[in-house]
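The block underneath contains the structure these notes are about, expressed in structure tokens.
Each chain carries a letter (A, B, C, D and E) given by its place in the written order, and its residues are counted from 1.
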Amino acid sequence: MALLYGSSYQIPGTSPGALIAPADQPAGEAVLTLTRFDAHKVAEAQHVTPEECQGWLAEAAAAGQAVTGQAVTGQAVAGQEGDRKEPPPAGKHPGQPIFWLHVSGTPDADLARRLQDSLGLHPLALEDVMNGGQRPKVELYDEHLFVVFTHADYSGLGLRLFQTSLFLKGNLVISIDAGDDGLFRPVRERLSRGGKLRQLGPDYLLYALIDLIVDHKFPLLERMGAEIEDLETDLLEDPPADANRRLHRMKRHLLLLRRQQWPEREVLNVLLRGDKDMGIGKKTLVYLRDSYDHAVQLMDLLETYREVVTELQNALMLASSNRLNDIIRVLTVISVIFMPLTFIVGVYGMNFDPAAGWLNMPELGWAYGYPVVMIFMLALTAGMLWFFRRRGWL
Amino acid sequence: MALLYGSSYQIPGTSPGALIAPADQPAGEAVLTLTRFDAHKVAEAQHVTPEECQGWLAEAAAAGQAVTGQAVTGQAVAGQEGDRKEPPPAGKHPGQPIFWLHVSGTPDADLARRLQDSLGLHPLALEDVMNGGQRPKVELYDEHLFVVFTHADYSGLGLRLFQTSLFLKGNLVISIDAGDDGLFRPVRERLSRGGKLRQLGPDYLLYALIDLIVDHKFPLLERMGAEIEDLETDLLEDPPADANRRLHRMKRHLLLLRRQQWPEREVLNVLLRGDKDMGIGKKTLVYLRDSYDHAVQLMDLLETYREVVTELQNALMLASSNRLNDIIRVLTVISVIFMPLTFIVGVYGMNFDPAAGWLNMPELGWAYGYPVVMIFMLALTAGMLWFFRRRGWL
Amino acid sequence: MALLYGSSYQIPGTSPGALIAPADQPAGEAVLTLTRFDAHKVAEAQHVTPEECQGWLAEAAAAGQAVTGQAVTGQAVAGQEGDRKEPPPAGKHPGQPIFWLHVSGTPDADLARRLQDSLGLHPLALEDVMNGGQRPKVELYDEHLFVVFTHADYSGLGLRLFQTSLFLKGNLVISIDAGDDGLFRPVRERLSRGGKLRQLGPDYLLYALIDLIVDHKFPLLERMGAEIEDLETDLLEDPPADANRRLHRMKRHLLLLRRQQWPEREVLNVLLRGDKDMGIGKKTLVYLRDSYDHAVQLMDLLETYREVVTELQNALMLASSNRLNDIIRVLTVISVIFMPLTFIVGVYGMNFDPAAGWLNMPELGWAYGYPVVMIFMLALTAGMLWFFRRRGWL
Amino acid sequence: MALLYGSSYQIPGTSPGALIAPADQPAGEAVLTLTRFDAHKVAEAQHVTPEECQGWLAEAAAAGQAVTGQAVTGQAVAGQEGDRKEPPPAGKHPGQPIFWLHVSGTPDADLARRLQDSLGLHPLALEDVMNGGQRPKVELYDEHLFVVFTHADYSGLGLRLFQTSLFLKGNLVISIDAGDDGLFRPVRERLSRGGKLRQLGPDYLLYALIDLIVDHKFPLLERMGAEIEDLETDLLEDPPADANRRLHRMKRHLLLLRRQQWPEREVLNVLLRGDKDMGIGKKTLVYLRDSYDHAVQLMDLLETYREVVTELQNALMLASSNRLNDIIRVLTVISVIFMPLTFIVGVYGMNFDPAAGWLNMPELGWAYGYPVVMIFMLALTAGMLWFFRRRGWL
Amino acid sequence: MALLYGSSYQIPGTSPGALIAPADQPAGEAVLTLTRFDAHKVAEAQHVTPEECQGWLAEAAAAGQAVTGQAVTGQAVAGQEGDRKEPPPAGKHPGQPIFWLHVSGTPDADLARRLQDSLGLHPLALEDVMNGGQRPKVELYDEHLFVVFTHADYSGLGLRLFQTSLFLKGNLVISIDAGDDGLFRPVRERLSRGGKLRQLGPDYLLYALIDLIVDHKFPLLERMGAEIEDLETDLLEDPPADANRRLHRMKRHLLLLRRQQWPEREVLNVLLRGDKDMGIGKKTLVYLRDSYDHAVQLMDLLETYREVVTELQNALMLASSNRLNDIIRVLTVISVIFMPLTFIVGVYGMNFDPAAGWLNMPELGWAYGYPVVMIFMLALTAGMLWFFRRRGWL
């Protein structure tokens, strides 16, 4: 994303749903992976095309209809897991298999059009997929459910946000992730291990993906929290020189995350309110409520962090002003002490007549008076410099 | 607009809908352009009068009635595109043609009255059109739908806001744009190229205009975002002298934009809630929801910008206070070092007796002692000046 | 009003609706003007008493009943406009005439009681009328509709707020204005010119008065906006000494206005929601919605002003801190340059032996050495003073 | 109340409604006064016990039943006003008399239990009565209506808040006031004078008490407003040394008041919404709405004060920073002028040879040179001290 | 809890309700205590296992059914109070006994699974129990009601928050408290003393526990309030050096508490709205409303504290800036006085010719001139140091 605060957008005035890639976005090497599973089997085909997906979906639908229409035909297709460019096998038993198409990377204009044609995705949804940096949202088109989320990455490079789009269309779940960091690997692993994920419907798969996106922010916020605590310790003891910059950076990151988290919570709320047409079953809703709780908790953490960082900024301001007071107090004391003294020695020019009494500046007559004074002054300067350095003033 | 923060208004106590142009507004050279189109043809007549529009509308209505009433009469009128002062041709086939009257510039009192008389626009709506700087709003009069939006221009001249008023009255869409910058040119071009815009009804044209006004702010905000990022980089490294002014300017612009964007979102929301009498079809509502999402995204961006700019002001405050601390620390250190030294040399007046020992200020007896000291002091001053300039203190 | 921030109040514990004038309020010379009009005629009687009003109202009611009950009796009363102490003439034709009683100035306890007795106004409403500084509100008593608004005056004297109370009781509209500045003169003029105001009912008259009160604030806010822009220009270039005070004053004014504007908008909203018993017709509601839009726009402007003034305070804070930095930097540079130099000349006491070489301070031996040095120092001082004055430091 | 910000509470884990007095609260010398009145008579008994109240209430109820059940029995009881320990007389005519029991001071555990037993007050309500500093609230128990308010006292001692509890139970109104300042005396006086208060029911008495509590804050806020205006005048001209402390104190007081006023408004709102079981008649509701308006107005005033005080803090901050700038500017100018001069005189040590010319420091050879210079310096110092004192720097 | 601001969480992507203890949480030595009581008896068994609980519950259910189904069978089981590992005795009379299972400490994965299996707790609820630091919430599962609260501990160690989870399942109340401080001891004591707690149902026990958790924060807030008042007194008189740090700490604590208190109030509100399936009776709701009032009061206190602390920070800022002004004013005055004096004495080098007059610096010729001046300067320095120390500048 070129602009940290911005989002991609179509050139104003272009027809809606025109599927033109934004100028600054390179033709991504989006990779499609299709997973087909039911309670008994999992098969995965990598580097598929939208047209192949369409074919396999149609085949499965036909098989499903055959099964329900007549009787068990039982044309079992041996599932070779991980087999490339081979149609994933249909389940041995009746009951529709579930398809999960994962697109890694942002689709370019050509791929978007093919996805629209083959899988019947809505052009406005695809426009949102192509123009990254959308606000998290949920949209129920006639054709399918469309959800946009953001997943975040916080590392040495700072905060990076990636758009993740999810579609739920009958037995097909499509996930399109602009990031390249294997966000959904744990779901893939759970799928291969079996369990609830295999037995429940496509809505549960959708939930599992959403849950992962939401929970993905916990370790991230934990890292941020640790950073804030470090900053806090440093700052209340001895504010480092870059405290201001670090606080500013942290606050900006929190701000950007909150901008995503707020609507994300809203999206989950809309999903929870459970419009029937959305295709999310009652059983899945119980779990989704859990995700919602997590999203609220994240929001809560973000707000707390923000308030703590603001407090730290206040504390830094006060510390900085205290420090200034300290320095100026020293300056004032020194000045106030030496100014009258200097005035007095100025008055007398210290021209006391050594002849008038042996106590009158006998130093002036000493053979080494001058070098002794010079050396004394040098030592005094060195001492003060050492003292200031120790106090951290230099 | 004379006043940046203000809006034009009628003199208090004048009768409502009195159509008196505000004092500071010159009798604009408002130009009317009528476009007539159906699925097959587009014709455009420039510099038309409201009365001519009325005539052509009546003619089209009569033709339409004729068509639906009896049979296809087929009096095709050859459409000469761009032909001035000629009535735009009626469509060859039955089905009402759609009219788009675009007024470029703010109408004066005379034009407003003629628009009221010929096209039946509500006087309160026309009052709002004439008094620029209105808050974006939507009003459903008995006669027509009336929408006020603002479109913004951000260039070297700073931020300028122009009021754009839209009317939807049966088959007629009227757009009145106080700006002079061809805001709606892309729609005109899409019209001439055909496509959905030609096939769908006047509500879709209205949507296309609204969509353009909304999306028009994306490049503007992108430019602002880039400016903010520049400011941020500058500021955290070495705050430029005019940082304060630039931040203030930016915040004011954001404030003015937000003041428009907030009710604009509201207007879109009202349109979306889809009161039937508004004449906006279900098909168009899907697209309008997209515009609403964009408006929310813009609002979001504006809020984020505002918060970032506020953060930058805080950071500038802290940086400024840090800088002050640094300078005063140097001052203090120098003072604290030299004050005692000066006191000491004052005490002795450095009247050491050169006769008492050869180490006692032999410089005083040197032939070039004075010029050497003078030159040394000159060099010292030059060195310090060079150092301060390098540190940026001068 | 004695206290800027306060409002008048009854002594706690007095019976509600006791109609006792607050202590600090002088027995106002409230002047009553009764206007009687219908579509054909307008008549105005000044310095009337509540009892006279009651009489004329009863007469008109009787005439109206006579008319509707039997036939046109046609006892035309010649209306002498401006005729004092004469009953305003009844309309020539059937149809109830409309009465507008305007009270200029705050009524004292006696007048309030007579208004209550003669015209049947509710004692709680009259209590609010007498105790100025009420929050704008609308109250629907059994007897009549009661609305409190505030109108503002912003001139050399600062901001002054006056309470304006409106009653709507059948055909009678009563307006009581604590101010003395002919606020309603434009309505009076429009009445004499005829037009909608004469043809529509008492609710439209009420609207016209409300509209005037609302719109009255536009020029006021325009003046404030111009002042803010002036302040902004001054402040970003060279903050004047009284910037702080002016900003504070402005903010306080905005605060007081907002305190009135917020409930005023609410009142208009309540009127709009159109409880039937309020007696406001559908036709008038369309216009009232326009007033509501204006009230929202005013609120909007006030908020924007407030934010701009806050921004200006921030900018002033930053500018002040920048200025301090500049001054201290100069101080530091000068100190840092002269302190070592003074130390060095202190060391040598500049006792170079002129005898040791002709370059050793020959000035000391010059005949005009002392006056030349003195004059040079004088010139230097003058130069620096001139420089500082030019830089604005003195 | 021991803690300004706190409230009393039961030790956590004690049974609810256990009626244990909080540790820090002394066994108050709560005094009970029972007033019995109807349209014809008022009688007051001081220092009554709960049991006596119970007896008289039962007697009145029996009499009332007798009256309504059979016929007028007419056992008139002579009412001796102010008679101690005598049962207040029943009204001469049928119609229930109204009882008002006022408890001055916080009841201790024993009294609370007796109130519970004799008069049937709910233990949870009594717990709230005993634990002062409750949030204003309204609670409708099966037995009675229970309302908690706060009345405030603002004098030389600062702000003090007292809890006032009100019960409405049939014909009995109970008021328990932790303060000792005769808050309800005006009601007592109005009762003795007759009027509406005597004719209307117990709900109107409740209203009269509530109205007094609400209106009681007007003079208090007036005093605060006057103080704020004083502070404002002082501050914008010449900030006094204790401005910071006074502003802080004022803000804290406003904060504490607002904490009470906010729920107080809520309580009135709940009473207004007029749950039937509450026993507040329609006639009283009209008056209660007036009290609600007053509560809103108070809230409004508090908010305005708070904002003004915040503005004053900002202004003080800016004034303080301006002052600092002024002082430092003077310091800088003086330093910048004298530093080079002192350097120059240092260079020459002013050792000009008086012998070289008569203009070379002839002062050194004058007989009174030294005392003249000393006196001149003394005069200069005195002059500067006088000047600084006049400028307020010392 | 490792992180102050964080909460424990499952590794993203793990199956929901997987019951895996978070990495940083040691396998707690959770201790289970089962209490069985009815109106007549209380028995307590410590160190029980979930399976034992299940057994006793089943037994009691069977006995209950037996009783209600047929007749009184009366197999009284002697209750040995405090008897370890013995089933708590069933009540002598018909009527279900109530069970309270208290788990002290956070259960580890094994215990959680056994609780799920034996007592039928929902896995998602148990997941929340194991991952401490949850947001207070209420969840109504099919199986049981689940409530999460936080109880706080504020001592020398700062603020510590512990999660307390409550389950209500038929006659069984389960409380799981991560803290180890005998929070619920008062309830246990009241149980053994009898009273309402023994006579009312399990919902009343639940209320008693909730009430304790809520009220537990009153003493904590009282302590905080006292600290704030101390800080306030210190700060307005003479800001201590660590004021900034203490204010920051206090604000952070308040922030963390508020983050818990806000949803806690919400939870109580949900419980109050009284969904029937929750199993909370009408009688208990009256008491719960009391708890809700307390929670609101706590929230109120927290907000007030936060505002006061913010005010104190402002006051500290202003005090710090005032102090700086004072110091700089002194510096300036001293400088402004001594600089011209030093200049003057520099001019004359004080080389007045003692020979020209007896008043010309006779001190120079005194025998003890030099030591006298030196001693005087020493005394002056000592005096100034003493003065500065007394003023608190050193």
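To be clear about the criterion, a contact is a pair of C-beta atoms (placed from the backbone, for glycine too) under 8 Å apart; a residue touches a chain by one contact, two chains touch by 3 or more.
Nothing here was measured: the structure is a model prediction, and the numbers come from that model.
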{"item": "Cα superposition of subunit D on its sequence copy subunit E - rotation in ° rounded to nearest 5", "value": "70"}
{"item": "Interchain centroid distance [CA atoms averaged], subunit C/subunit E, Å", "value": "49"}
{"item": "Inter-centroid spacing, subunit C versus subunit B (mean Cα positions, whole Å)", "value": "30"}
{"item": "Residues within subunit C bordering two or more other chains", "value": "317, 321, 324, 328, 331, 335, 339, 341-342, 345-346, 349-351, 361"}
{"item": "Topology of the chain contact graph, where touching chains are joined (line, ring, star, complete, other)", "value": "ring"}
{"item": "Going round from subunit C, first to subunit D: chain order", "value": "C, D, E, A, B"}
{"item": "Residue ranges of subunit D touching subunit C (in the complex, touch as defined)", "value": "185-187, 189-190, 195-197, 211-212, 215-216, 218-219, 221-222, 225-226, 228-229, 236, 286-287, 289-290, 293-294, 296-297, 300-301, 303-305, 307-308, 311-312, 314-315, 317-319, 321-322, 324-325, 328-329, 331-333, 335-337, 339-353, 356-357, 359-361"}
{"item": "Touch list for subunit C against partner subunit D, complex", "value": "3-7, 9-10, 12-16, 124, 134-135, 137, 139, 141, 241, 244-245, 248, 251-252, 255-256, 259, 263, 313, 316-317, 320-321, 323-324, 327-328, 330-331, 334-335, 338-339, 341-342, 345-346, 349-351, 361, 363-371, 373, 376-377, 380-381, 384-385, 388, 393-394"}
